[in-house]
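Structures for review follow.
Shared between the two complexes below is chain A, which pairs with chain B and chain C, respectively.
Entry: the complex of A and B
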């Protein structure tokens, strides 16, 4: 067990080390999120006070997060296949430890995007959130589901052609239930309502995708 | 034996068509004196068959991942293709009916949303297949994606639609009280139609699978079976 944790931690540390050396994901992902955010907010203007805003803006926020994730997360495994380090990983790492290490890296990236994007978005469109606690919880739970599904799909895409486009095509239908539930919860957070049944359902989605990923990953990773 | 079964199926579907168009009474409250409701005898069985097809694909994929026998993968691929066909037809008939009854071809009713996303998911499945060169890798990745579909589908069909504030679709045939709230003749045709279309699906699946197997053998230069 302790070697399993050490393995996962080693994968996580390796990914961050190579990330900090190249800063590829941080630069492109951060800039992508920022650019999309600015374009969207510029097109919408400060509409936070309009009566339609509480219905529309949560959906816009989640679409920005989804696109940012699509731009950055395929790198998780594509980089391994491109630099031909995937074979070494296949030989040395336990699949479940590898998955969890990669997932942890993806989670930190998503958390960074959310931390960068959400406050800026709320400021730029001047949207008032009545229960910030629920918003943070939604971002955390939704971000986890986003990262888990992305990690599994990234494993598949890394072994196919046309990786970046294919990633979005494969990931979006899987993530739509998450998107619907997260948007519903964000609307409740904006309106200051108590979290509805969507919170439980989102947790259930996260749990299902985690179990499915842990079961499927070994078969998706090892030829 | 298979020829006989095909003929029985042919007669069965013919009877369903006649029963739906001539024998069952029109549903009250629909336009054109209820005559427009007759599309239900095709719309519901096709939606049901698409559902059966996608479940079949998911189960066959799970079996493939366990056994790694190519014939299970051929079943999954053929089931997805046919599921897309039946799903597209269900969407199309539903859309025509919606134009007559609700006034628009498309109004983002929760079930319209679910089926479109299911179609997108399985179209993505085929896109994944076409993006992988190596046969073994293609089967493995596609099977994984189809199994993921089985995991996500309940959220798409049962949970996410409940978050919508309204649905124009009626309750399922067996409603929450456990009673069947429908004219017996209409119910008989609907059930016979669903059964007939499901049998039609499995017949087409068998054909498609055999074609795929033969094409696979020919690609190998006729040397041995791959199954």
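Entry: the complex of A and C
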């Protein structure tokens, strides 16, 4: 295993080891997702069969995922700054490996939230998905974009004051294109339509955010 | 004549925080086997100087040169070559002392077995969470972290604070070993009785 991959893997393993002992992000994300899900489900009821459902419910699903992510992912770098462990990391970790290790941790958190939220949401609102494969692909590609953009913005705000507000203000404009494409693709998955060009556009969004993150991260992380 | 294995030289360092000028034209130099002692009152800029030397803070003006075997080390690489020990250095509180050091050993590409050996050397338990360490034990862990990768340059900011007599003894042994392989810059409010102090930067002047 190359040393770069070993570094990223060490950061990923360290973050999960700390997380499993403190359960900070898991509890925050999980409770937020579940609470929102229950409220939405009780408010809307089993409306999956109504004509409006395929248009509205995909947007509701992605709003739940977005707010669950923004509740937990800023901690990725903020915790390192607040507990002063960032100094030791700056002196030891290769910036790109650090970013990828943190991104991998964020990705697994998002994946866990998607795995918890999506099936429950579909069951509670009784929404039928005609193309489950497209839904899984959309959740995977959209989740990756959500995690990458959140990790990048978490780096930006880590050393600032008013982190939570700044995180939301900076993150939402970056995520608007992703959310529009992800909602459109989820609608297509529900209706059983072919993915078309939207899937490629979502992949291009992910690629752009990844390249931008890897280019910007070293300058943002180091003085 | 062969160049010294390691040479650290800084000249005309300036650093401001807003309107406050913390460093104003600070210069110094040390080579392998030597200690450069930095003294000054609280707030005189000792920690800022060490953070600049470590590459954690960019000076507003001035030069910092680290050379190994006569070859200059790139500014971006400097942070990976130094050992840094400072009061604000913290560890992952949910992880044990051994898990913390092993994690950084993997990042430093050092044999993880050295982590356990260093903990034994300074008398720290392997299985105590970093968040449950006393201030003296935390200082011992900082020493382990700083010399984990056998750095050529040790930047030590108040390295003996909170240590009891046995802790001070082992810290001085580690400092002696550091001077066998490289140099050390030691910052302290008062003048310490240290071996091989070759130069002195007094930030109160």
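Couple of notes before you dig in:
Everything below uses one rule, namely that the second predicted complex is superposed on the first by the 222 of 223 C-alpha atoms of A that agree within 3 Å, B and C clash if a C-alpha of one lies under 4 Å from a C-alpha of the other, contacts with A are read in each partner's own complex, and residues count from 1 in each chain.
Simple rule for what comes next: a residue touches a chain if its C-beta (ideal position, glycine included) is under 8 Å from a C-beta of that chain, and two chains touch if they have at least 3 such contacts.
A quick note: this is a predicted structure, and the numbers were derived from the prediction, not measured.
In this overlay on chain A, chain B fits alongside chain C without clashing.
Legend: residue contacts after superposition of the two complexes on their common chain; A:160 is shown touching chain B, with no touch to chain C. Looking at the shared chain after the overlay, A:6 reaches chain C, while chain B stays out of its contact range. Once the two complexes are laid over each other on the shared chain, residue contacts for A:78 go to neither chain B nor chain C.
By the touch criterion defined above, A:14 lies against chain C but remains apart from chain B after alignment on the C-alpha atoms of chain A. In the overlay built on the shared chain, the residue A:135 is in contact with neither chain B nor chain C. Judged by the number of chain A residues each one touches, B leads among chain B and chain C.
By the touch criterion defined above, A:87 reaches chain C but does not reach chain B.
When the shared chain is aligned, no partner comes close enough to touch A:103: not chain B, not chain C.
After superposition on chain A, the vertex angle at the CA centre of chain A, spanning the CA centres of chain B and chain C, is 90 degrees to the nearest 10. Superposed on chain A, the gap between chain B and chain C at their nearest CA atoms measures out to 6 angstrom in whole units. Within chain A, the residues touched by chain B in the first complex and by chain C in the second are 223.
Chain A meets chain B in the complex at residues 152, 156, 159-162, 166, 169-170, 172-174, 176-177, 180-181, 184, 197-198, 201, 204-205, 208-209, 211-212, 216, 219-220, 223. Across the complex, chain C is touched by residues 3, 6-7, 10-11, 13-14, 17-18, 21-22, 83-85, 87-93, 222-223 of chain A. Contact residues of chain B toward chain A in the complex are 65, 117-118, 120-121, 124, 127-128, 131-133, 136-137, 140-141, 143-145, 147-148, 151-152, 155-156, 159-160, 162-163. Taken in their complex, chain C has these residues touching chain A: 54-58, 76, 79-80, 82, 84, 86, 88-95, 99, 103-104, 106-109, 145.
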